[in-house]
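These are the structures, in structure tokens.
Next come two complexes, and both contain chain A; in the first it sits with chain B, in the second with chain C.
Presenting the complex of A and B:
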């Protein structure tokens, strides 16, 4: 499913893919709310549509980060799941990048949830 | 590489070689008494023969030596430039430290009149500005320029002249900004320069704000230059075999921080441009009466300003990541976790900027996003601290002076981090904002997260730089003075802040409970300063009698400790093959193999400065890079560019334009003489039977990478301007405002078509040149250059014909600034194509050796994207509105 079984060669771009999605999620969530609330009028009106939009962006971001996590996790386990990876081999380099990708995807996942929480609790533009 | 061998030498390449030799090669320094060149290549000599080695060493020393006498200042070696850079930023730090002490002297007692209110404003503004812009960020660049190449076993960074240029920019800009206070005209509105206080002549008369804006913009150029240098250096100049998973953690941090500079500094440059346009020409970007909004400056400043805190903090933590394993006598525990922390912090730090703006009345939901991200960043930051603690716990820690400072750093930083978590909560921040609580917080973070680690780094790396250790006894005294003085000085500020003392006040009344904390703070500050002075004394005291420290005095495991007792200019005797994270610990016979030249490039056969370029992932060798030697040209370029900024400050427009012409000329001469030199042969034997090409172009070349990275930074500045446009769009109900027309559709799209033609000119010039159709390529270069200028003219004509007046309303000003930005870039693109034409005519650019046009074609991709964005945004948005 999702081509997860295919081995990919990791590099610096795959390493930063998950935090990049975090950054895009952050920008979109901030942008959507800013556009809605920017004229600073009608601050007591609820912004349900905006909050749903942020929820939608969040689900997409979490799904993408989840995919990155799963792919990296499976490949990393496939390479033995080592956490030190200090050998001078292609496998160690690959495994290092996969493990680091797993960690970064985890951090990005949690951070996306963090950033989405205000939209769960705040219902208007005050 | 084998295909390069077979292409052989034709009579044409013989002619080229002749032309190349006629000019002085910048890679050969202009020194007297050159030793004889080698007759045999590296793989064909008996490396075990001491006579052979002696001859090699003579050549290497001659080639990499620093110039003598007054010409010393033309040096571009990373060791010289890095040393000047470090020393200069420390001098600025001491200067700003004195300003800090003046603040504390003024605030020691209530109702004090030691300084006048106006001068006090200048003092604290300059204290913050100098500490941040002239010490905290530059010290990262300075230290990285010194130790990164050593750590990577490289002879130098890929663009030594760029480092030197950056240094001279930094020096000129720094002296200009600092010097202003001696003429009582320093900036006096706080280091973040909020408009409208700073934009309106009636509040801030004089040149202070201009000096801040122009002086610092100039220094930001230097920072971006350093970032380009360090990213390319880390990715492409690692020793063969140093795969990504074997890279020293310091290099990971450098990569992350340099990347952050690339995205953080350009928004500030964009903000500076808007700001200066308002101050000099009355364009109303921050003037609410004409549609502007001071909030845009706050956004742009803090999009820079918050990541900057991490740009300051991460490189210092990187020093800890090198020091801790050495003294814990074990490899770092959790290498991947540090990479996670560095990369994760790098990203998250861009989502924090509004936490400096919690009290500006933004909607709670917006504040919530930034508050959440500010809490999330504590996760990777904490991970680093735990990695260090775990490494220390599982090792056998040897407590030397550097470790003392490391422990002090961790203790102080953790307190600052915890108060950071507190002020990241908006409701708490509403209480503490702009009080001494924040002053306490930021000093705990910066001194714990930056100054203590840097001092630890000085004690740790000094033996590598100077060959001699610093005093253990003085180090301990200095540490305790600094540690106790710091806490005594800054801890009470938490209380004075919570009791209501605002930042930046000139004095305070008696009888509201602020006397004691302020007096304690002042005493602590002077004790702290005494500690700093002891470190300075320890570094400067003459030590000619002191014996050299043994090589690798701390018994560390990474490559920088290959440095010999008496430092040699060559960096490393031979460029090693690395198979471990700690080669000095793990690889058998390593030091001897390096010293006897058994690895790569054990010689400078042709007396040229060379280092090895490798691949990004696995550091497989791809090229021998000839790096240019000493020159005064970088100093001229920096001097003229500095003059542009300084003359503009005082509105001396003719001189500004004159300096601009001279600066451009100096840069062209520098680039013409120093880059894309066609080598005398195609490839070179680097030893151990390996032969590498001497010239590569396109995506394999370091120059192409530098262009790419520079343009990413440039694109970020452009996007910050676009952000400005969108920002005004969202805050105005009607945008463009009633009565203003957009720039129309016809001329912008004529311009876009012309830009596409110019882009095609650059693109096909590269293709035709590569295919050997040199005349066609030259024709396209001329055509592209001309069409590019026509395109700019059409773009500028558009808002002119529809009567947009930049002084009338912020809408008009925003369109004009986007259009002018694009036109300036097109002029540069035009100049670049003409440069390629000249290179081609003078045979420095040939179908085979085509780096120049490769890089210019790359520039044009970014140019086209810029033009397209400008046209689409300025021409189409008015239709939607």
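Presenting the complex of A and C:
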């Protein structure tokens, strides 16, 4: 369904979809951690449930960002994969948006992992 | 500290504020600090006649003065570079690692810039360019940051692991620190710190080699508890009890400060941490738990008559106010007024007589209107409360 033959038109929303998922993931991860740890009590108790929740939203976020990356990457390659966009044409515009989406999706992917890392290493509310 | 002596007269002279310079007692930042603090205060002789050196000579003098000063910022009782606490040592190691890492990155970056402009200024292929950006701009930073993040995340729970020493409550209050040794309590969202314990103020003894648990809170505004030589900062927040674990690894006296702006006298809200052997710690707390050494006399009478007891407690007497610092063993402390002045009878009198001049913004009224004899008597008495 994301094949070369199914070129879609890119726009501002497809461009910012990946960073938006990153932002939502950040918000949710901090939200569940705060709900658990803001009371500042029983700080040595393990918070396994919270960590699994963060793991869950992380997998979902990474999957979505991965799909966005793949779609944009294929379409960008389909347009020749150029990084120089100095023409005033529809194809150049499309290619530019696709390439930017690829870059933003890559950044968001790494960032989501960084946001989730504390849940991997910290097992309680300390 | 040559700067305090050689620069101040000039500045004071220009501003022509003799009153100020008499009371100017900079919060002692360095080793010989207390001595300087005291000498600056008692130095009514602060030579107002001393002439400022000429501009050129001053520039030269300034440089030679500032160099050791800048370097001396790296040692001393308020430095993060002492590794006097296990947490500070870990953070220091990380700092040096990152510093050298940054130097490496800088050298490589500048090296590439030189290569691209001097050594091989021609055009490079787009392929090379893209590969360069991919490796240098994407892969390297991602891997490096991930490594640092993992390292830091592994460090954090260790620093906050369980304590095996005493539990000490410290309350940041405008503009001093209330201390209670040996309380029982836990962190949480609660109105106030756990009650009880042996009261003191502006000075915290800690046993070396043990992980003491500090419970931090505040009744008024947000303060922050920071002993750079021992550990990182921790906020003191009204309605919340935070927890900081400190393990001093070397005996010594270290400066602590309030690191969150909290009002007029924020910059004069300091304290001392005295790291001693566990035996000396126990002896100190035992001594602090005793009632005052002297519980009668003209000093106490004047103290009660003038209402000091409304705010201050002196155990063993009727004075049981809870607003200001416990004065039961005032003279056993190293400083007066939250790290501001050296402890001496003379400075106690000064503090009571001109509280607001010594510590602008302070929450204790000045008692300059009292007859001098009464102030002297109070100071003599408080100065004897070891």
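Assume the second predicted complex is superposed on the first by the 121 of 126 C-alpha atoms of A that agree within 3 Å, B and C clash if a C-alpha of one lies under 4 Å from a C-alpha of the other, contacts with A are read in each partner's own complex, and residues count from 1 in each chain.
The working rule: a contact is a pair of C-beta atoms (placed from the backbone, for glycine too) under 8 Å apart; a residue touches a chain by one contact, two chains touch by 3 or more.
No experiment lies behind these values; they were computed from the predicted model shown.
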First (chain B), second (chain C), both or neither touched by A:118: both
Which of chain B and chain C A:44 touches, first, second, both or neither: second
Which superposed partner A:96 touches (first chain B, second chain C, both, neither): first
Chain B versus chain C as contact partner of A:30, first or second or both or neither: first
Which superposed partner A:83 touches (first chain B, second chain C, both, neither): both
Which of chain B and chain C A:12 touches, first, second, both or neither: first
Per-residue contact with chain A, leading partner among chain C and chain B: B
Which of chain B and chain C A:20 touches, first, second, both or neither: first
Set intersection of chain A contacts, chain C complex versus chain B complex: 38-40, 43, 83, 110, 114, 117-118, 121-122, 126
Complex contacts: residues of chain A adjacent to chain C: 38-41, 43-44, 83, 106, 110, 113-114, 117-118, 120-124, 126
Residue numbers on chain A that touch chain B, as the complex places them: 11-12, 15-16, 19-20, 22-23, 26, 29-30, 33-35, 37-40, 43, 47, 83-86, 88, 90, 92-93, 95-97, 99-100, 103-104, 107-108, 110-111, 114-115, 117-119, 121-122, 125-126
Chain A-facing residues of chain C, complex: 126, 130, 138, 142, 145-146, 149-150, 153-154, 156-157, 160-162, 186-189, 240-243
Chain B residues within the chain A interface of the complex: 241, 243-246, 331, 334-337, 339-340, 343-344, 346-348, 350-351, 361, 363-369, 371-373, 375-376, 379-380, 578-581, 616-618, 730-731, 733
